[in-house]
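Two complexes are shown next, each including subunit A; its partner changes from subunit B in the first to subunit C in the second.
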Partner chain A sequence: MAAVVLNNVTKLFGETAVIKGISMSIAKGEFVSLLGPSGCGKTTLLRMIAGLEQTTSGSIIIGEKDSTALPPEKRDIAMVFQSYALLPHLNVFDNVMFPLRMRNLGTRQEQARRVKDVLEMVQLSHLATRRPRELSGGQQQRVAVARAVVSSPQVLLLDEPLSNLDARLRESMQEELIQLHRQTGLTTIFVTHDQEEALSLSDRIILLNEGTIEQEGTPAELYGAPTTRFSAGFMGSSNILDVELVMDGDACRAMLSAEDVLTLAKGYVRGGASTITFRQEDVQLAPAGDSTCTARVETAIFLGSRVRYVVRAGLHCIRCLATDGQIFKVGETVALQVAPNRIRVLD
Partner chain B sequence: MVRAVPPWVRGAAALFVTIVMIFILGPIVVVAGVSFTAGDYIAFPPQGLSLKWYRTVLDSNVYVQSALNSLQLAAVVTASATVVGTGMAIALHRGRIPGTGILSALMLSPLVLPTIVFALGLLMFWSSQVGRTSFVSLWVGHTVIAVPYVIRTTLAVLSTSDRFLEEAARTMGAGRWKTLIHVVLPQCLPGIAAGAFFAFNISFDEAIVSLFLRSPEIMTLPIQIYTQLEFSPDPSIAAVSTLMIGLTVVMLLAIDRLLGVQKVAG
Partner chain C sequence: MNKYHDDWIIAAPGILLLCFAFLVPVAGIMVLGIKNPDGSLTISYIERFLTDAYYLGVAWRTIKLSCIITLVCAIAGFPFAYVMARASPNLRVWLMILITLPLMTSVVVRTFGWMVLLGRGGLLPEALYLMGFVRRNYSLMHTEAAIIIGMIQILFPFMVLSIVGVILRLDPRIEEASRVMGCSFLASVKRVVLPLSIPGIVAGSLLVFTLSVSYFITPSLLGGARLPVLAGSIYETATKSQDWAFAAAQSLILFIGVLILLIPYISLTRKSHG
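Showing the complex of A and B:
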């Protein structure tokens, strides 16, 4: 059963189309990330699901109830804002109780018990009587999350909730979010511009670009098999090359130059100008010798456990992340190899 | 970082602060001093000490009656200015009304318009459009000059608040009214309290608008003081003024207790 369904929704701000016909279905209990660069419409889409922005056309169904025209308070949702939006005049306990009070869920005692449980879950019981401004950023964030899950909504909406935290705290909050999702089983939509965050948290990633869905799939699919140049670039695939494809028998070869050739996996049957992509960690460098592709090292950056090289093959700059101990010098000629099944041809 | 301030700058700063303090506190000291005189004339330093002028004031029907009038007026002005000012501040803060900029300038104009000009204008308008001056015209006049203070103090508090609070409340199941009552108004409270305090004091001290808009049978305390000063000046004026200052100080302390002066100062 789908917890949230979007049918061809669009959003116009004046003349400008921000959301250009997006459909999606989010299963109960699923953790979905809306990923994309700023201005791609991901926050607008989230706000439309929350009811904070009106939908220009299309429909939004939450918990099998058409909610397109409902105001936010009538939708069975909860949202965590980037700024947390804690009520400064209420203490932690009353902040978390607020949704239950406003929605009249249960008796006063039941509400208090529920708040206690949730505060325990996010390990904030000892701060229940504090005001929000007496808390650290990470603690405020947890209060915001507790307040969102307390009413067990049909869908939990998270608008870049980790972006105001420093790197170390962000990592531990990611782990907490995963745990919380496992414990509560709440359907979650998570907006982020950070591909690593999306990769590590989600069951499914929906990559947005200029108000449309660019690609969607599991983190592994988006990471390993981007289908478009935008997906490849956004998911951190740093080698996107415009090359000539040539069929050689039943093998398809990408010509980096007249002499330098990469072989694609079996199954690709096409020729002419194309775009191929492969990840920098999939590039293997070896001492120059008998190989189909040679390159010249242009820069080498030592990163501790790895070395990042930029090499030039024909007209193409290729980034590689080498893990082995072999160190090449700038200016050296090397043999370049990419496993055929790691190279993808983009649409 | 300022590492060292030259001694003469320190000296000048100390002098400057002293002069400012003298001019702020001096008049209060003089008035309070005069009020405790045992003599029959306004003179500083006072000649002998006594509370007889306080007795005179409290026994005087005109002072007591005008004080009651002023308190009553200040009370209703505080109520109306607070309601109007808070509503205006919330509306201006949202900025969804067309012409918010013009509207906010207009709302704050009583702060810069010479009071005497405003008072005269309102009198002419009132006489031609409404009728005789009365307690109501006084109420309206005082409210107009008090409202900007409520708007300013409330806006100051609102402008520092998280602009997503209202939206957050909506996503938590609070409709527009519940959001207003449970989220927006509690936010504004320190600003509203400060504005109410200003409104009360402005109305209670106000002489110019009262002079124009009162009806002859309504005497307010500032006008009573003014009249007394003009026709038969005696130390009772100092005594009643000291009582007014005392009232203000008590209110200030009460507000500080309840909300903290820091918040109120916006």
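Showing the complex of A and C:
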């Protein structure tokens, strides 16, 4: 029942391997994000699925049909480009009609009705006769989305479609994308470098790094349980510390310095140099007192509902995001605590 | 207001040059064409042109050949320009050199080259003879075909360069989008690239047409005395019969004719822009 299956696909540009053997299977109706920094190959991978880039080896199966060697027009796909790529010489209605006409789907009247329905769905019916350049960025974006969903493709490919919008518009477009996905039930692959966008939109996130899959899972898994240093760093706002682990009875302790100690959850049995990670909102600061770990406040940034601190414990800089009332001053000594089950040891 | 003033000062040298080196002499020639030797206005020269079957034939040949040349340049120029615009930067440089190199050699030299290629025993007639299309000793010289071939070779770069500029400015993602939406390669060129290239095709056609109606070296050398075009006829009238007034009248007619043909073209470009 998979809508899209990639079997060990690779891509070489000249001598450089951009995609180094990626396999994945995307279920029908799933919303999957390809997340990663620029240059990780996420856009190349999307373009390979679209047929805009040749696949060097491996196979791509779309809707149970081997599409590895098919040109884009023979694949049952639709794509929204970062620049929208609307056809400037056609008006909104004809732009949305274009895929139906090119693919010969339905009679002329059926096509017109579908275009009308889709324009209704993205709330653009009143602009049907406008040319693309007479529209705002957000409206162009909706036309691009309407044009992509109108042919009900096997898979909808989105290439950073929100990155050209300002922050407020981006938020409302995210909500619209979620609704649209619910309404249409289209299998969607979404490329982004913005982890928040990936977290808020997807059923599943595939984190790419240098042409390979670094980690994949639900947003909660990636956010809460990064398994590698790269994932922890990329998913943002995590503290990653290189520390000495010491067993003390049946408890495993991380030594930030000789006096400053964090206790790990039960079950970790190991010692020696390791890397631990915990999120900045899991750090609790309290007035100095009886505590196993103390730190000095280096910077405090007031963010309205929250305060972001950078504190120093031993040689380590730790970022914290405090939500409760107490405000500490720069230079103050504080007690630092992290709940044991929030600390993860990276492999 | 001040800004406006400054603009005029900066443009002044160019405007003065245009006035004294172009507008005044051209206006002088135009006036010459509608004036009697005693200074009174007359349309007798223009009347002579418009009532003489010979000169009407010359005008008709000029327009017909220019239209064919423009059409062939546009039909061949668009695919060439497309390939050039979508080629790798390296290949594009070579194609650019290939297309502009002829512009750096003298038109007269190139025309003499064509006389060798098209004349009796030349490369083209020989090839046609060997393929069995024509008899021995066939010559393409002094035919309208010769004029067309020679002129296309000279004017083709103008068409290609006009179109290349426009295609290079198109977002390549638009073509990719059309492929993803179900267009084959050819359908995408026809339905997306071609309509969006119209400003370039119009600009190139304008250039090629106006240049070809006023060209006289190549048509007179390749076409010979029996196939005069308007520019050649003006030259003959001015130099051989020394009839300056009638030569000026012919220039005036050519000028007005080009203007009349340009107006719909210009409004067409404006439409595709706005």
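Just so we're on the same page, the second predicted complex is superposed on the first by the 346 of 347 C-alpha atoms of A that agree within 3 Å, B and C clash if a C-alpha of one lies under 4 Å from a C-alpha of the other, contacts with A are read in each partner's own complex, and residues count from 1 in each chain.
The criterion applied here is as follows: contacts are C-beta pairs under 8 Å (C-beta built on N, C-alpha and C of every residue); 3 or more make two chains touch, one makes a residue touch a chain.
Given the structure is predicted, the values throughout are model-derived calculations rather than measurements.
Overlaying the two complexes via subunit A brings subunit B and subunit C into a clash. Looking at the shared chain after the overlay, A:Met102 reaches both subunit B and subunit C. By the touch criterion stated above, A:Leu87 is placed in contact with subunit B and with subunit C alike.
When both complexes are overlaid on chain A, the residue A:Arg270 reaches neither subunit B nor subunit C. Contacts of A:Ala50 after superposition: both subunit B and subunit C are touched. In the superposed model, A:Arg147 lies in contact with both subunit B and subunit C. Of the two partner chains placed by the overlay, subunit B and subunit C both lie in contact with A:Met79.
When the two complexes are overlaid on their common chain A, residue A:Pro71 makes contact with subunit B and with subunit C alike. Applying the stated touch rule to the two superposed structures, the overlap between the subunit B and subunit C interfaces on subunit A comprises residues 50-52, 71-73, 77-79, 81-83, 85-89, 98-99, 102-103, 147, 151, 157. Residues 50-52, 71-73, 77-79, 81-83, 85-89, 98-99, 102-103, 147, 151, 157 of subunit A are the ones that touch subunit C when the two sit in their complex. Those residues of subunit A whose C-beta lies close enough to touch subunit B in the complex are 50-52, 71-73, 75, 77-79, 81-89, 98-99, 102-103, 147, 151, 157. Of all residues in subunit C, those touching subunit A in their complex are 171, 173-174, 176-185, 187, 192, 195-196. Against subunit A, in their complex, subunit B makes its touches with residues 161-162, 164-165, 167-175, 178, 182-183, 186-187, 189.
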